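Letters are used for the chains, namely A, B, C and D, taken in the order the chains are written, and counting of residues starts over at 1 for each.
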Amino acid sequence: MNLHEYQARELLKAAGVPMFDGGVASTPAEAEAIAARLGGTVVVKAQVHAGGRGKAGGVKLAKTPAETREHASRILGMTIKGLVVQKVLVVPAAEIASESYVGLIMDRESQRPLFMVSPAGGIDIEEVAAKTPEKIHRLAVDPRYGLLGHQALGLALKLYQNFDQVKVAAKIMDQLYRVFVANGASLAEINPLATTPEGKVIALDAKISIDDNELDRRPDLAALRDETAEAPSEVEARRANLTFIKLEGNVGCVVNGAGLAMATMDLVKYYGGEPANFLDIGGSSNPEKVVNALKIITADPAVKVILFNIFGGITRTDDVANGIVTATRQFKVEVPIVIRLTGTNEQEAVKILQGVGMKALNDMDEAVKQAVALAKEAK
Amino acid sequence: MSIFVNASTRLVVQGITGRDGSFHSKQMIAYGTNVVAGVTPGKGGQTFEGKVPVFDTVADAVRQTGANTSVIYVPPMLAAGAIAEAADAGISLIVCITEGVPVIDMTKVMPLVREKGARLIGPNCPGLITPGVAKVGIIPGQICLPGRVGLVSRSGTLTYEVVNQLTRNGIGQSTCVGIGGDPIIGTNFIDVLAAFQADPDTDAIVMMGEIGGTDEQKAAQYVAQHVTKPVVGFIAGQTAPPGRRMGHAGAIVSGSSGTAAEKIAAFKAAGYGIMERPADVVGLIKQRLKK
Amino acid sequence: MNLHEYQARELLKAAGVPMFDGGVASTPAEAEAIAARLGGTVVVKAQVHAGGRGKAGGVKLAKTPAETREHASRILGMTIKGLVVQKVLVVPAAEIASESYVGLIMDRESQRPLFMVSPAGGIDIEEVAAKTPEKIHRLAVDPRYGLLGHQALGLALKLYQNFDQVKVAAKIMDQLYRVFVANGASLAEINPLATTPEGKVIALDAKISIDDNELDRRPDLAALRDETAEAPSEVEARRANLTFIKLEGNVGCVVNGAGLAMATMDLVKYYGGEPANFLDIGGSSNPEKVVNALKIITADPAVKVILFNIFGGITRTDDVANGIVTATRQFKVEVPIVIRLTGTNEQEAVKILQGVGMKALNDMDEAVKQAVALAKEAK
Amino acid sequence: MSIFVNASTRLVVQGITGRDGSFHSKQMIAYGTNVVAGVTPGKGGQTFEGKVPVFDTVADAVRQTGANTSVIYVPPMLAAGAIAEAADAGISLIVCITEGVPVIDMTKVMPLVREKGARLIGPNCPGLITPGVAKVGIIPGQICLPGRVGLVSRSGTLTYEVVNQLTRNGIGQSTCVGIGGDPIIGTNFIDVLAAFQADPDTDAIVMMGEIGGTDEQKAAQYVAQHVTKPVVGFIAGQTAPPGRRMGHAGAIVSGSSGTAAEKIAAFKAAGYGIMERPADVVGLIKQRLKK
């Protein structure tokens, strides 16, 4: 789960990372009031889960509270990469002497939190990484020992010459690491970590992503989820414990397992169709999940056919069959359903479907071909 | 005729009295797996299905039954603790089925697993099966057939799909291993590829990957250098939309966006047979085994 | 540094360990008020840094607030193993179904915190350990991983059959470990960990010792030191950064290094004398320390001679010589001083002493012999 | 002709610009020790005494000077961090002089030292000296004499006392090691005894213990089983009062009160020559070397 910049700032600020005071606004008037409180020039920043905000016009300088209001009214409601801006962050505009990059990510290879720091920070950091990789310094932290003092210092020495700045930066490394571990982050990034002309080291922008698996034991973090920033169908799916991503096609897919779901979408495409969604009902059996999945998919008017592809392992195919039967009793499904079921309790499942006059296929290619054909007929 | 799991496997099931644990324990027993013990704290002294003794701790199970392999079906927040317990009790192969384990928990337990010299498979994986001998996890036994093709996969149900294709076409498997798709897993593609390469009873290998990360590319490099047996590969997610990415660190660390195209290119460069769809596995394996 | 029982209770209670509510009193009236608030029968317990309080009459049952007052007035001011009782703890008297022992100590051999637990707890635990060592279960905790869940459970399973009690005990193990590590303890002990007739698991007595080296960074813990419970000379010595223990003899010893200090005392005894104290001025040079050392020793009227034994390493002997000269200028030392100096800056030291007419010996045996002889003459 | 420290020792001083660090660095240099670098964060680029380069980190010092041994004179709250830094930088012998290091810090850093394969001596120790070759720490060089007696001690100044006795009587030392008296130390009696036993240039060993704990008893057992060279021993604290003990755990864990009498008995049982006072070392060593 991605946090908004203002949420990430709060976590880092609570850990002691030096940052400017600022405020978050949902209306132009609120933005104006924050600017008035802060005084001087401010930056108005769209709070949206997408990169490239600046280039999309979602980040603006404002010299006065009135100008802040103007910018906020333009940015609020703006769409950036398909996401509507609901909130803006208002912070003092800083004169910047230098920009560094400090990132911490859960690294698959070392199986540890991995620091990446560079004295050449800012928005072009990926270009720096690609063209001058020697400017990126890495350190994987052994979680058994945590970030050791000399490691934090060593990273900070890569960023600054001035030892007072080095000491502040070393402390920030430690604070960032603690925030990362304490919140089960998959990413925590300060970019830029800036110096002011007076030499003060300060974090100007922050990004944090939380491991979704962490949220079940951390209601405080789960509460940070901003559902207004997501597509309603995805919110609904998550509440039903389904993984759902809406796509542009017309073949609605209900699959168990992410790998098989992707392979099913790929096969739809292979046979000339277009998947309407990615939908994984997960590993554990539950007829209710199937009902919810059908509700979400049938809510999309573009869907012309629904394709079930269930390979029973931990999922019992009879549970899925029961779910389909229950759903079709609860509400009318207007489009044809193609069902492929095999694996655990397959015979029971087939019987259940036959009981209501539905047919189950056994072969994945066959089912996908039928679904694609039905979608084409429906046009 | 197998890797990791064989006739000397003595299995303890952690979470044997839970919903998933009890269901799959019955399945494993029915398949012929030597399930010697179960563990559920507070239920020590009970008997599962009238024959498998249940203990409060894995240490007790090891001491009293000589268990050497463990399979974990406990809730996600307890899974890393269950892995630590198994490793600490001297279990040499730990298979964690549980999905949704916090990654930060895995970073903490992996060093312990390594210190104890144990092998972890998973978490968030279907486990593994040596057809006709033993299954540890949730791979449906009836879709497997004893034989000489090794299979390794990041997916669960997609694995079954491919195994099923093989079996329906009379191609048996030496061992099928689902390594799991989580960011931090105990056993990766290369570990399994190396084991298949060393296994005298595996003639060819099927490797099922997914988009994201660079594990498949690294595995392909390994295959190019160390694996002489024929390898057939698939990547799921060719039509998946690119995730909405936040932050730069991911791109910097991998230097790659982990697309299907990149991975397939790596497979080709390493001489894999490329499956365009799961059903292609049959033709490709037959063709390569003939050579 | 040993904590009083009531202080240890507070640390454990804050960590969540189940304990009865209670109160600490410095006067009989306070004790009576606490008993009235608690209601029912209470235990009045002397708060003193010594074992065997019960056998010394420092622990009494009281059925009423009035009786509590009586007991408190008897216990307050009582002397147990040379220490005057300044405070009493008043807690409800519990009916006890079973007594277990849970101890955690910093173990030299494993270099880890070591749990020792036994279902046979209570005041005779050392006898249990000596006679039936199989009833004591041990577990060294790897500090890189902390106390793992299954380890806490494994310890708890050694104490109880009932799984509800096991779960509570496992949690207590975890809480005790956290208190131990978070406070740099060298010992943390619950004895007994009791069960009530209703089956409730509860900690009835607690002991915690803090590593002295921890106190410099933990003013909150340092503030728990109860100087009224110590000999005034030892308090003064600690404030001057000296390690001082008063003994019964008449040869005052000032030595640098604990090992040499002990060897000097041993040699005093070897030559027929009796050391008046153990005093280690520590490793680092500082004339002021020597002045303070002389003040503390000369305050003891039993001292008939003062013996310096200084082997300069990190300690500079000239610093010590300067300290002796400064002290003798500040106040009159009524007893003879025998000085043995050798090592770092020895020649400068000898010159400094000669400058004020003092003589320095070079040989330890010679110096001790002289000091013992002077002490005998003085009698 | 020595253990742990010899002519190939390349020393980096951690805390070289501090009060104690600079004083003793001068002494070590004057003694002829090969001090190749100093470390004080924030002072990298300076030069100590006009010839020793100072670095910000031990890693820099190792990279640029090939340092292989470190001695630590930093404040107690920073000492464990300094040990970790040295171990992490690949230093193989780390000598920590600092007194007052919190024991809980030592429990955390010791596993790292072991993982890195380093040897730690101390903390709270005087260090070690190979007379005539190099000294690492604070043992006064002028009281030592090159020779063939190895000395190991838990004490600081008491060590000097005994070394001084030997030297004044013409008995030289191969290496003198102060292991420190803290509850958790990197190198114990047995480690040093084993090194002396293996050192072809050590003929006899002096071991100086103290009351408390059971290290001396364990060392005596080791000597009885593994050390063929003559050993002479001393225990300080025969007249010390018993500490005011609180809690039972200490007595339970050691099963011993660590008295001088117990330790001397263990020494006798292992065939040690027993020193009643420091000066006895001369006669005992002379007598045993004659045999």
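The working rule: a residue touches a chain if its C-beta (ideal position, glycine included) is under 8 Å from a C-beta of that chain, and two chains touch if they have at least 3 such contacts.
Every value quoted in this text rests on a predicted model; they were computed, and no experiment measured them.
Computing the C-alpha centre of each chain, which chain sits at the greatest distance from chain B?
Most distant chain from chain B: C.
Could you state the distance in Å from the CA-based centre of chain B to that of chain D?
Measuring from centre to centre gives 50 Å for this pair.
For chain A and chain D, let me know how many angstrom lie between their CA-based centres, rounded off.
Distance between chain centres, rounded to whole Å: 55 Å.
Let me have the rounded angstrom distance from the C-alpha centre of chain A over to the C-alpha centre of chain B, please.
Centres of chain A and chain B (C-alpha means) sit 27 Å apart.
Can you tell me which residues of chain B touch two or more of the remaining chains?
108, 111
At which residue positions does chain C touch at least two other chains?
Where chain C meets two or more other chains at a single residue, that happens at 144-145.
Line, ring, star, complete or other: which describes how these chains touch one another?
Graph shape, chains as nodes and touching pairs as edges: none of the named types, so other.
Dump the list of chain pairs that touch, please.
A-B, A-C, A-D, B-C, C-D
Which positions of chain A touch chain B when the two form their complex?
For chain A paired with chain B, touching residues are 2, 49-51, 81, 101, 103-109, 111-114, 116, 125-126, 129-130, 136, 138, 142-144, 181, 184-187, 189, 191, 207, 209, 211, 213-214, 216-217, 245, 247, 255-260, 262-263, 265-270, 275, 278, 282-284, 311-315, 342-344, 364-365.
What part of chain C is in contact with chain A in the complex they form?
The touching residues are 144-145.
Taking the touch rule as given, give the residues of chain A at its contact with chain D in the complex, in rising order.
Going by the criterion above, the answer is residues 144-145, 148-151, 153-154, 157, 163, 166-167.
Using the touch definition from the top, list the residues of chain B that touch chain A in their complex.
20, 24, 76-77, 97, 99-104, 106-108, 110-111, 126, 138-140, 143, 153-161, 164, 181, 183-184, 208, 210-211, 213-215, 234, 236-241, 244-253, 255, 276-279
If we count contacts the way the header does, which residues on chain D are in touch with chain A in the complex?
41-42, 56-59, 78, 81-82, 84-85, 88, 108, 111-112
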